[in-house]
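As structure tokens, here come the structures.
One chain, chain A, appears in both complexes that follow, with chain B as partner in the first and chain C in the second.
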Partner chain A sequence: MTAVVTGGAVVTATLDRLVRERATGALHGRAGALYLADGALVHAESPVVPDVGWRLTASGRLSRESWEEAVTEGGPDHRAGSLLVERGRLSRGELELCHLSALFDAAYFVLSPLDGSQRAPDRFLRGARHWFGPVRPVPVAAVRREVRRRRGLLERAWPCPELDVSPVVPVPAPAPAPRAVRRSPSGAVLAAADGVRTPTQIAGALGRSAFATLLDVRRLAAAGLVRTPAPGTPPPRRARPAAPAARVPADAPEIFLLQRIRDALEAL
Partner chain B sequence: MTGIDGCLTEAMAIPGARGASLVDWTSGLTLGAVGDGPDGDHEASAAEAAELARLAVENGGFTGGGARHDGPVEELIVTARGSYHLFRYVATSFDSSVFLYVWLDRTEANLAVALFRMKDLATRLVSA
Partner chain C sequence: MANTETALKDAMNSIDGALGVALVDYGSGMALGTLGGSASLDLNVAAAANTDVVRAKLRAMEMLNLQDSIEDILITLGTQYHLIRLLTGRGGNGLFLYLVLDSKRANLAMARHQLRRIESELEV
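Showing the complex of A and B:
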């Protein structure tokens, strides 16, 4: 627990300084990366959160080809996102809604890592820009408020953080789940619960917000539809997204790839 | 229309509009806001409005039954003595949980006109 508090304090101090300096670059660590431009958050990514490309293609909104075209042609100039709008693939509103949803989702898991032993991001790659390009910059203070609110929502829904990292095990019900549950988004989560996948793996498979999926699982547990693990149950292994890795331009910093290699080396 | 800002600017042109925002009903996050918020605070009222929006959208009684005329909740109408609070859900093919929230002065607003305009705005926001 100490590690979380310490890490949180460090990242808070670092972010405060970067905002004051109106810095541009990527603050990164194992839990993911926050991209700043002029001291505002313009992009965030986390290995446990479906990225914009996966959200758009998993839902069928964009073909894999349209997405890769934007990444290949717009990526080198850091404007893959706006290229989708210029080419008429997406409306400006769709781009903004999808990107903001992914940004706040990833920022939550970067600033509030699932694995409490994970260090908060502490390395700042000054000048780094993300190939997706800025869409709608968000003040860091607003992101922090949102992270606090989301923690509170999870806690109020069902105070069992072990659920976030454990396989989702449906409770065999004598009767089918209530109609309201079957038809709601949490119904899709319940249907995808196979007793093996964790909430973020289900989110990855569905191309759905990872935070919303955590919240669904907590609520399903509160309703007795998902088994609540015993307190202190260790996660079986670190959760990984089921989504395929997005293609990135050759000159983009391949932070996650490097981290995976390091993780693999450390595991030897 | 140019994205969230364009949508909200147009929403403020609805007769009687005092404030407009786009809110995520999963968390209560305000994605954009213009004009005044009820109680003078967009963020707090958005979080409360989001709770109502979520309850409605997840209520099987409103959407269930399986009959042909059933389907997802499209809008919510709250009438208060001096104001209307109108919610229009934004339908996207990718994962999202967003609604357009417009707060109107009841003496100046026309409910039918406001709903019609909000439907159009919520559709155009996500039409390429």
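Showing the complex of A and C:
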């Protein structure tokens, strides 16, 4: 746990400095990336969080073709998001709401990594801009406040962090289960729990918020519907969800590729 | 084709008796936008707390095996109405509009009608 706390302190100091400098660029590490413009957060991505494109296409709101068209044509000029609005695929409001949800979702996992061995982001690529383009910049202080609030929500729901990284195992119902309608989001999560996938893998499969899925799983465990792992259970080796990364346009700045190159160079 | 800020302004300006409005993500309980409110009405706190209201009602419907969806939820206080409208748009999954009204000045039927209109304008 100490490593996480130390990493958190480092990222806090770095973020404070970048905000003061009104910096533009990407603060990145293994847990993901935070994109700043003039010291405000404009985009966030994490390998465990479904991105905007995946959310919009998984829900059926956008066809895969419309999304790829916007990424291919708008990506190189850092305006894939605005292009969706100009082409009449989304209203400005829908774009903002979907993007903000994804931004806070990813920022949570970047600033509060699931795996203690993941380093908090510590490298800043000055001047980097995201191909999606700015939608609604968020003050870094507001993001931090929200991350703290979310940590508290998880703690209050069911204080068992092991649940976040373990396969979700439904507890068999004692009586024949009623044919539940599963209208609620936690119902959908429970229906997707197969004893193999972790909460973030379920979020990836459903194309919904990874944080909301963690919270649903904690609540399901509190209600006795999902098995609670023994404290200190080592998390199984986590496979990266198959979802987002593939939809990045070929010529966009690719943070994760840059990281892999850096790691390879360092290993020489 | 409104953006969220214009939608919230529209709600505050066009709905009689509106004291505050918020657009809330109910997966996390976070307000994605708020307008109005006061020292005695913290919309961010209200957003998080009312997420529990929505969740409880969805769960109740699940237990009753109701094949239906919530359009809105009305809570009548002594001096206020609280109106929660779930956004049904295909991209609006997991969001609700939360509106606080002064019950002396509000026309409930008009307010519900206006919220429905504002929701539709948020979409294409």
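Going forward, the second predicted complex is superposed on the first by the 244 of 268 C-alpha atoms of A that agree within 3 Å, B and C clash if a C-alpha of one lies under 4 Å from a C-alpha of the other, contacts with A are read in each partner's own complex, and residues count from 1 in each chain.
One rule holds in what follows: contacts are C-beta pairs under 8 Å (C-beta built on N, C-alpha and C of every residue); 3 or more make two chains touch, one makes a residue touch a chain.
All of these numbers come straight from a predicted model, not from anything done at the bench.
A.B. asks: Do chain B and chain C fit side by side on chain A in the superposed arrangement, or is it a clash?
C.D. replies: Superposition result for chain B and chain C: clash.
A.B. asks: Please work out whether A:206 is in contact with chain B alone, chain C alone, both, or neither, and reply first, second, both or neither.
C.D. replies: In the superposition, A:206 touches chain B alone.
A.B. asks: When the two structures are overlaid on chain A, which partner does A:46 contact: first (chain B), second (chain C), both, or neither?
C.D. replies: After superposing on A, A:46 lies clear of both chain B and chain C.
A.B. asks: Touching chain B in one complex and chain C in the other: list those residues of chain A.
C.D. replies: 56, 59-61, 85, 88-94, 96-98, 100-101, 104, 136, 146, 149-150, 153, 178-186, 208-209, 211-212, 215
A.B. asks: Going by the contact rule set out above, which residues of chain A touch chain C in the complex?
C.D. replies: By the definition above, chain A touches chain C via 56, 59-62, 85, 88-94, 96-98, 100-101, 104-105, 136, 146, 149-150, 153, 178-187, 208-209, 211-212, 215.
A.B. asks: Which residues of chain B touch chain A once you look at their complex with the stated criterion?
C.D. replies: 1-4, 6-7, 22, 24, 26-29, 31, 43, 47, 57-61, 63-64, 90, 92-98, 124-128
A.B. asks: Over in the complex, which chain A residues touch chain B? Could you list them?
C.D. replies: Residue positions touching the partner: 55-56, 58-61, 85, 88-98, 100-101, 104, 136, 145-146, 149-150, 153, 178-186, 206-209, 211-212, 215.
A.B. asks: For chain C, which residues are in contact with chain A within the complex?
C.D. replies: Listed in rising order, the residues of chain C that touch chain A are 1-4, 7, 23, 25-30, 32, 48, 55, 58-59, 61-63, 65-67, 69, 89-95, 121-124.
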